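Below, chain A partners chain B and then partners chain C, in two separate complexes.
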Partner chain A sequence: MAMAVRVFLLLTLLFLYANFSSALYEDQVGLMDWHQQYIGKVKHAVFHTQRAGRKRVVVSTEENAIASLDLRTGDIFWRHVLGANDAVDGIDIALGKYVITLSSEGSILRAWNLPDGQMVWETFLRGSTSSNSLLSILTNFKMDKENMVLVFGGGCLHAVSSIDGETIWRKELATESFEIRQILQSPESDIIHALGFVGSSKFVTYKIDAKNGELLKHTSTAFPGGFPGELSLVSADTVVALDATRSILVSISFQNGETSFHQTFISDLVADSAGVATILPARLTGIFAMKINSFIVFISVTDEHKLEVVQKITYPAAVSDVLSFSEGQKAFALVQHGGSRIQLVVKLDNDWSTDLLKESIEIDPKKGFVEKVFINNYIRTDRSHGFRALVVMEDHSLLLLQQGDIVWSREDGLASIIDMTTSELPVEKKGVSVAKVEHNLFEWLKGHFLKLKGTLMLASPDDITSIQEMRLKSSEKNKMTRDHNGFRKLLIVLTKAGKLYALHTGDGRVIWSLLLSSLRRSEVCEHPTGLNIYQWQVPHHHAMDENPSVLVVGKCGLGFDAPGVFSFVDSYTGKELDSLSLAHSVAQVITLPFTDSTEQRLHLLIDASNHAHVYPRNLEAVNILERELPNIYWYSVEYQRDIITGHALKGNCILDVEDEYCFNTRELWSIVFPSEAEKIIATATRKLNEVVHTQAKVIADQDVMYKYISRNLLFVATVAPKAAGEIGSATPEESWLVVYLIDTITGRILHRVTHFGSQGPVHAVFSENWVIYHYFNLRAHRYEMSVIEIYDQSRAGNKDVWKLVLGKHNLTSAISSYSRPEVMVKSQTYFFTHSVKTMAVTSTSKGITSKQLLIGTIGDQVLALDKRYLDPRRSPDPTQTEREEGIIPLTDSLPIIPQSYVTHSLKVEGLRGIVTVPAKLESTSLVFAYGVDLFFTRIAPSRTYDSLTEDFSYALLLITIVALIAAIFVTWILSENKELREKWSLTVQ
Partner chain B sequence: MATMERSKLILFITVLLHFCSSILPSAAAISSGASDGYTINGRVKVEGMGVKGFTLPGKISNAKVILNGGQNVTYLRPDGYFSFHNIPAGTHLIEVAALGFFFSPVRVDVSARNPGKVQAALTENRKGLNELILEPLREEQYYEIREPFSIMNVIKSPMGLMVGFMLIVVFLMPKLMENMDPEEIRRAQEEMRSQGVPSLANLIPGAGRN
Partner chain C sequence: MEKGKGVVARRWAIDFTDNSISPSSRDIPDPLGYARASSDQDDSTVSRQKKDAEANWKAQKAWEVAQSPLKNLLMMGFMMWMAGSAVHLFSIGITFSALWQPINALQGVGKIFEPYKDSKVDILAPKLLFIALNLVGLALGVWKLNTLGLLPTHASDWVSSLPPAQEIEYAGGGIPLH
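And then the complex of A and B:
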C-alpha cells in the first residue's frame, strides 16, 4: 500500500515536472498573444513612386519614428523609432535610394537605405547657437552626379554630400537669433538664396555659391513692424509675411539685393478679420494661404505687390505642398469637409479656375477632421495624370485616397496611448452553444491527433501548417462574450488624440472607437488634453442589465488650473452617454471603494485650490461620502517643491454659490525634503485593486511571518540634486539615493535607506508587503535592483497553537494606522544588466499565485522575472529546509533567461507602459504592453496549475485509457483461465 | 551583514577595474571636439559576419546603441561602426539592444584632463576593452526547442508512466508472487476473502457469478 502511494506521488511529481517550462515553443506564437505595429501621427511624408517596383511612402512621425510604408497596402516595410529627444525635423529622399533625415534640432543628419532601412551614414552637424532647422536637398545641382544636402541648424548652413555624409562646406551665419525660413535654388546657376529673420525685426537674405559656400551677397533690412516668424514664398523674388501684430500682410521683394516692403491691412482683404491670422506653409506660385478665424483665405500676389483674395473656404480643411508632376506644371491638393464626406480637389497652382481632380469620399466621422494632406501623382493607363493623396486625420489615423476611394487606412492613434482600463464582455445568452466550433467527434479527434503528431515531432510540414491554422482559427478566443476563464475582455484605451478604442483581447481588433467630443479642439477649448480613464459603472449586483461604462477625465488647456472635462462612455456600444464641462480644475482623481445604487463608482476630484468634488452628482453619493468622511485620506506629491502632503476631508465648501458636492479639505501632515540634499524622483504605491490571499507566510522551520499589508504605504525615492541628471553627470561621491516607506494616513516614515553612490532613474513597483526598485549604482557602474519586505512584528507572537485555540491571539484585532506599527524590514540588493523603461507586477484574481516582475527593458522587450529571485531571505548557501521551501542560492546579479521574455522575439517599440489584469483563472494574468507598438499576452507565473494547457494531448489520454481498458480485459481473461485451470487441477486431484 | 560584505566586494572590484584599465593602453577612439563635447566611436561586431566583413547579418542590422539609458540612441552603419557626438566628459554607459543577442553594457570613461584617452570595460564580467569593439556575450534563444521524437519521451510522459506501471503490475507481480511461499499466498488469499475485498471479477457485472 505504502509503495503504491509512493509510486503515485512519484507520478504526480513527474507530471508536474513535465509542465515545468513556462516558455513558448516557436509554433505557439500568436496563440495567446498578439502584436500590432504602429508609427504615430505623421508629420512629413515623401513618396517614392518613380521607379518600377515597390511603391512606397516614407514618413516621419510625432513619435520620432521614421518608416517606409507600402503604398498599396499601408504595411510597414521598415521602421525605426529614434530616441525620445531625437525629434525628426525634416525628411527627404536623395539619389532615389537614400532617405535623409534631420533630427535633434538640426544637429544629426542620417541617411537610410530606402529598400531595407539600414543606416548608411550619420553626420553630426556642430552648430554654434540654437536656431530652427531646415533640410533641403539640391536636386538640380549636380556635383559629381551626387545630390547635395543643404542643412540649416544651430545657426550654421551645412552642405553635406548625400553619398557618404561628408561635409562639403560649412558656413557660419551666426548672428544672434538668426533663423533661416526658406532656401531657394536658382534653376540655372549654382546660386542659392537663404531667406530669414534676425530677431523679430530684420529681414535677411544671403546669396551663396553652392559649390564652395562662398558668401556672394548679404542684405539685411529692418522692418519697424516686426515679424512673428512665418513666411511664405510666392515667387522667386517675393515672400509674404505677417507683421508682429498679425494684422498687416507684408510682401517683401528682394530682387537684385534690394529689399522693399509693401504693407496691406488684412481688414482690407477680408471683411471679418478680428481673429489671429497665421500663414500656412504651403508653397504655391503666386498665391499664399492664410488661416484667419474659421477660414482659409487664398491670396494672390501680383507683380505690383497687390494682394487679391482668390478664394475663401471654411476652416476644417487642409492644403498640401506643391507637387511638380510634369514639365513646368505644379499642382496642389485642397481637402474640405462636407458632412460625413470630404472633398479632395487637386488644382494647378497657377490656374485657380480649373480642377485637375475633384473627388468626394465618404469618411468615418469618428476620424474627425483632416489635419494634413500630402499628394503624389501617377500616370494612368491612358497617359493622363492621376493623383493620390495621403491624409492625416484628427485622430492621427492615416488614409490613402485614390480614385475616389480609401485604398487603406492605418489607426496610428494607437501609437500614443495615455491610459487604459478593461471591461468585461457581455454574458453569453442562452441558446448559443459553446461547442459549435467542433463540428463532430471525428474532426475533433482528427484535430487532436494532428496536435499529438505536432508535439511528438512526427508531423510533416503540411500537418504543421494545418495545425497552426487550426489553432489561430479557433474562434473561441475571439468571441464577443464573457468566457469561463476570464481571458476575453475589452481593453479600453485613451489616446493622445482624444480617441477611445476598445480592443478585443483575443486578437487585438478594434471593436469600437470614439473621438470624444469633449477632447476635440473647439472655440471654447483650445488645447484639450486627455488625462485618465476610469471604470465608472461595473454592473454586477443591482444593475445587471445595464452596460458598463467608463469615465474619461480630461482638461481644457495646458495649465494645471485648466478646467476639467468629463465623458461617460458605454463600454459595449462605444456611445458617449454624457459629457460634462467642469467648473473646476482636475489636480487629482481618487477612485473611492463605494458605489451608489446604480453601481456608479464614487470618484473624488481634487482641484488646484484643494477643494474636493464628488461624482456622480447625486444626493446618494453625497450621503455615502458624508458617512465615510472620516475614513477618506489621500496624499499629494509636489515634485517641484519636494513636499509630500497628506489630506483629509472637512465638510462642505463655503463658497459664494451653494454647492453640496464640494468639500473642504485639510492638511494632516507634510514631509518637506531638504531641497539642497534631496529631490523626489519617483513614487510608487500598491494598486488599489490588488488582492492578497494571506497575511501569513510560512517559512522553512514551521515558523510564521506576518506580512505588513497596508494600502496606505507610499514608496518615495529621492536623489541628490546634483545627481538628478543623466548618468555620467555626477561622481559617486556627490550622489546618493534615499528611499522612504511612508504611511500616507499619518505621514509616519516606517523605513528609510540610503544608497550612497547611486542615482536615478528609479523605477519601482509596490505589491503586497514588498517594494522592488531599480536604480543605477555609480560605484559599480551597473544597474541594481533592491527589494524591501515589511513584516508585522506585533503579530509574530501568534505561534502557539494553544493561544489560537483559546482565542488569546490578536489576529482579529483591528489594524489602525494610528497605532505605532512594530515592523521588521528585510532587504537585499542585486545587480541587473539592463536599463529599465517601465516595471509592473503580475496580478491574479485571488492573489494565491506567486508573483512575477515584468520589466520593460531598454531594448523594448518585456522580461518576466520570478519574485523568488528578489527574496531578501536568499543566502549564499541556503539550508536544506530553505532549499525545499524554494529559496534560491544568492547570486550577485539577477539572471536573464531569454526564454522568459514575455514578448519572445518581438519588440514593443517605444515601450511606455505595462498593465496587468487578472483573469478569472487564478493561475493566469493578462499582460498588455504599450508604446508605439501594442503587445498582449497572458502569462502564468506558476504555470497553469488549474487548467490543462492548450497543447494538452487528449488523443494521448484517450489512447492510454483504451490501452488500460484493453489491459484490464486481457488480464481478466488470463486470470479467469488460470482460475479455471486451477479448479480443474483441484478436481482432478 | 551580508550587504556589508557585498559592498566591500564591489569596492574591491572597482579598484581592480581601475587598476586594470589604467595599465591598458588607451582604448576606443575618442576625438575631442569643440569646447562642449567629445565623440565616442565604437564598433559592434558579431561572429559569423567575418567572412563578408562589411555587411551585418540581418538580425543585427536593426540594432540600437544606447547611451546612458536612453539619453542618446544611435544605429549601426553597414560596417558595424557607431558614434555618439557631443558627449560631456565623465563616465558613461553604453548598451546595445539587438534582438537575438545578449550584449554586456559597457562603461566608458571620457576624460577631460587628457582628451583623446578613453577607458572602456564590460560591466557584466568586468573585462577591460582595448578598443571599443562590442561583441555579444551570447546569442539569445527566445523559444523552447521541441525535442525530437523519441520513445523515451513517450515513456517518460505521465501517460507512458501509467501504462508502464500497469505493465509492471500485470507482468512482474505474478512473477514475484511465484517466488513467494504458496502457503503464505493461500493464507493471504484467505484473509482477503474473509475481509471481503472486492476482486476484479466482482466488479464486472455478470462475472461474479461462477
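And then the complex of A and C:
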C-alpha cells in the first residue's frame, strides 16, 4: 500500500511537471526552432559610407521593407516592413542622419534615424489626384541649414523640411493626368525645374522658386507623336523620350522656356530595330541607355541634338546610376555576363573610352542574370578611388562585389515564398565508418556527462555555455538522413523569382537551390509566373530506390488562358528532371488520390475551356483514370461572378487533334449567389493529406456522436457587397456575413448561417468535421471566432453494443454523397482580441493527438490555441462528467495565453502563411511560418506523451542503473560473508 | 532462514509436553526395552472421544473459514466506496485486489479446506458458501470495474477507434489559378 502511495505521488509530481513545461524556457530557444530574416528584392539602395563608423547601405525592397545592411557582412542592422499596400516609391538620405522614404503612391513621407532605424517623423501628404510619385532631396539648396525634401505625389508638389517633416510649401500642379518625371535644380540659384507629361502628348515644364514654391514659369508643348511616359535626362536642358510607337527617339530641349523637339528614327541608329524599345532609367551625362531587342544601346546626344550610338552591349546586363565620387567626376557601373562570370566595369560618364575599374567575378549560375546594380566608392589606402557594387540578381539575391570578389551574398528570394511542400530525406545507409561511430560515442558520453553535471548543478559557467552550444549545434538534428521521429525533412519552397529552395528543417540551411528554366523570362515566355508546387513522386514500397520528386506548375503570361509550364525536380539533388511547356492553360490543378506503378501521383489539370488533362502522360494513368472516371468531380469557385460550379468528367475530348489524355467535363450544378446581396470572400476545405483517426466522438456518459467526415466539403463565406470593403465602410444594418457548408459532389448546401452585423475579412480553417472562422462583428466592435461542428445523424443509431461486438453495423461501409446525409450541426461563437493574418491547424501522422489552432496575428506572431476552447459543447456550467471529459466552462472570449505563442519573442515579419506537417512521432507537428521572414519549429499540442523530453538525462539513468547493480553485488557479497561468519561461529560452539 | 536461526540460537531444549508417537520427531532415542506402539493400543476409547471432538472442531472451523470472505467483502465494499469512481491509482489498485482475492481464493478452495477434510465432517456446505461469497466478491469487483468505465460495455468502447468510412466520390478544385 505504501508503495502504491509512493508511486501515485511520483506520478502526480510528473504530471505537474509536464503541465508546467508547456511554454519554452529561455535556454530552449533555438533548440528546435529557427528563424531567418530577409528583406526581399531590392528596389533602391542608398549607401552611407562617408564617416568612418559603421559602413552601411540602406535599401528598400519589393516586399515593402526598408533595411539598413552592414556593408562588411550583409547583416541587417535594422529593418522595417511596411504594410502590404504601403509600397515604397523612393528612398534617400537627408542631412547624413535621416533615411527619408516615400511610400503609398507618394502620400506618406517618413524619416528614420539612420543608426538605429527609429522613426523620427512622419508626414501625410494630401494629394488631389492620383499620379506617379517622385522623391528628390535638394542638397545644393539650403534653407536654414536644412535639406529640403521635394515630393511629387497625388498631383501636388510638396516641399518638406527634413528636420521635422513640416510642409514648407505645397504647389498644386493640378492638371488632369499630369506626371512629373524629373525634378532638376540649378546648381547656383534657388530655381527648380519640374519636367513631365500631361496625358500622353504634352510635354510640360515648371520653373519654381524653391524658397516659397512660387511658380515662375510654365510651358506646355504638344507633341503629335505622343509619349509612352519614359524620359531620360541627358543634360541640364535636354531630355530624351520615346514616341508612342516606340520607334522614334525625341530629344527635347527646354532652354529658356522654349521647348523644341528633334526626332530621330531608331532604325537609323540601330540596325535591327524590330523589337520594342525602352529607355533605361540610368542618369548619365550626355548619354542615355536604351534597351532594344536583346541589346542595351548607349546613345550620346550632342549639342546639335544629333544622336550617336556609343556602345552596344548584349542584354543580360545592368547599368547603375551615376555616382559623383570626387570633384566634378562622375562614374557609373555596367555589369555584363560572360559565361558563368560577370564583368563589372566602372566608367567615367563623360569619358567612354577609359575604364576606372574592370573586374571579372565568378558567379553561381543558379543566381541567374544581373537585374540591378548600385555602386559606391571608397578611398583605398593609396588614396585612389575604389568601387564596390551592390548587385541584385534574377533570383532576388543580393551580392556585394568589391575588389574582384563577392564579399557577401544574401538569399533574399526567400522573402517571397509562393508555395511550399515537404520531402523526406534519404534513408540512412549501412556502412558508416567505425571511427565515426566511436567518435560519436565519445562525444555522446562527453555530452551526457556535461549534461549530468548541469542537472546536478555542478557545472561551471564555461560548462553551461558549452552545454548550450552543444544543444544548439547538435549534429543530430542537422543530419542529411531520415530520422526515427520524422523531425528531419526538406522544406521545398517556390519563390516569386521562380527559384526553388530546399531548406533543412534542422537549422534552415539551404541544401540546394534551383532557378527553374521554365520560369525564366525568355523569348517564348515573356512573363512566366510560378503558381504552385506539388508532390509528384513519393516513393515507398516498390519504388524505394528512386528519389522523390516535386512538380512545379507555372504559366507563361498574365492572362488566365496563358499556357502552362511544368517542371519536375528531384527532391534530393535539386536537379530538374524534366520540363514541359503545355499546350493548354492551367486553371486548376487537382491532385488525385491515385498513383501509377512508379508511384507518380496522378494530377488532373483543368484548362480555361474546362477540359481536363491527366498527368503523368502515360497509358497506365489514363487507364486508372478511366476506371475511376464516374467518381471524379471537380468544382470551381469564381470570385468575380460569385458562382460556384460543380463538374463531372466524361469521355475523351473531341478536338481537332486526337488526345487520349484529355477529357471532357460537364457542369453538374451551380450555386449562384445573388450579386446584390452576397459576395464570396473566403473559402476553405480540408487539407488533402489530413489523417483522421476515428469517426466517433465519445462524449460524457460514454455516449457516442458520429462525426460527419467528408473530404468533399467546402466552406464558403459571403458578405453583403456593401460590406466587402474595409471595416467601418458599412453600418451594422447593411452588413451581414453568410456562411455555407457545401457538398462539392452534389452541390447540396448542408448548412447555412447568417451573422447579421458582421463583415470580413474572413479567415477560415477546416479540419476533420469542424470549421473555425474569424470575422468582425460590427455591433460588438470586436473580432469574433465561430466554430461549426458537423455530426452524422444517420449513424447516430449505432449504439447497440452487441451489434458492434459482432460487427453488424454500417459504420465502415463506404459512403456516397448521393445518399442524402442527415447532419446535425453544433456551433458556438466567441470574441477574439486579435485580428488575424492567416490561420492553420496542427496535423499529426495518425490524427490521434488533439488539435491546436495556429493563428498568425496582426503582430506577425503565431499563436497556438487549443481546439478545446472552440468546442461548441462548452457551457457556462459544465457537469462533473463533462468536466472530466475536458470541457472548459464557457467564457465570452477566447483566452490568449502569453506562453502559447509558438514564435515566442520572435516576429515573422510580413507573415503570409503557416504550414503544418506531421512528424512521424504522433504527438508532434512541424510548423513552418513564412512571410518576409521564415520561422520553423515543432509543437506538441498534447505535449510529447510518446517520447522522453529533450533534457532527459540518459547518463543519469545509466549511472543509476550501474549504481544499483553495484549495490546489489556489494550487499550480496556482504550478506554471504555474514552468513559464513555466523555458520562458523555456530560450528565453533 | 529464521527457523534455522531459532535452532541455532538455543543450545538445548527439552519439550515436556512432547507426546508425539513417531520417534522421528524426537531427537532423543527411546530408552532400552520400551516399545512405544504397545502403550498406544490401550487407550482406544480415549482416542475415539478425542476424534469426535476433533471432528466437531473441524466442522466448526470449516464453517468459520467459509464465512471469512464476508468480512473481507464488507471491507472491500467500504474501500471501494472510499476510492470513488474516478480512474486513478487507488481505485484501480483496490479494484484489482478486489478481483484478485476472490479468484485466488477460488483457485485454492481445495487447499483451504484440506485441513478440515475428514470422513465424518461434511465440508461441501461450507465449501459452497465459501465459493458463493467469493463469487459475490468477484461480482463486486467486476461491478466496480464497470463503474470505473474499464469494461467495454458501451458503444463508445467499440467505435472509438473506428476509422472514418471510405468515400466513393472524389472532388477537387477551388479557386482558378491566376
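Note that in this section the second predicted complex is superposed on the first by the 897 of 989 C-alpha atoms of A that agree within 3 Å, B and C clash if a C-alpha of one lies under 4 Å from a C-alpha of the other, contacts with A are read in each partner's own complex, and residues count from 1 in each chain.
Going forward, contacts are C-beta pairs under 8 Å (C-beta built on N, C-alpha and C of every residue); 3 or more make two chains touch, one makes a residue touch a chain.
Keep in mind that this is a model prediction, so the values were computed, not measured.
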{"item": "Touched partner set for A:Gly286, first chain B, second chain C, both or neither", "value": "neither"}
{"item": "Touching partner for A:Ala84 - first (chain B), second (chain C), both, neither", "value": "first"}
{"item": "Contacts of A:Asp703 with chain B and chain C, given as first, second, both or neither", "value": "second"}
{"item": "Touched partner set for A:Gly859, first chain B, second chain C, both or neither", "value": "first"}
{"item": "First (chain B), second (chain C), both or neither touched by A:Leu956", "value": "first"}
{"item": "A:Gly386 touches, of chain B and chain C: first, second, both or neither?", "value": "neither"}
{"item": "Chain B and chain C contact sites that coincide on chain A, given as residue numbers", "value": "7, 11"}
{"item": "Complex contact set, residues of chain B against chain A", "value": "2-3, 6, 9-11, 13-14, 33-34, 39, 56, 61-62, 64, 66, 68-78, 83, 85-86, 88, 90-93, 95, 97-100, 102, 104-105, 107, 123-124, 140-149, 153-154, 156-159, 161-163, 165-167, 170, 200-201, 204, 207"}
{"item": "Of all residues in chain A, those that touch chain B in their complex", "value": "7, 11, 14-15, 18, 21, 23-27, 29, 80, 82-86, 107-108, 110, 116-122, 124, 126, 455-458, 726-729, 761, 776-783, 827-829, 833-835, 837, 857-861, 875-876, 890, 892-893, 896, 898-899, 901, 904-905, 907, 956-957, 959-960, 963-964, 967-968, 971-972, 975-976"}
{"item": "Complex contact set, residues of chain C against chain A", "value": "8, 11, 86, 88-90, 93, 149, 152-178"}
{"item": "Chain C contact footprint on chain A (complex, rising order)", "value": "4, 7-8, 11, 531-532, 553, 555, 560, 586-593, 604, 606, 628, 631-639, 646, 683, 685, 692-696, 698, 702-704, 706-707, 709-712, 744-745, 798-801, 804-805, 811-818, 884, 982, 986, 989"}
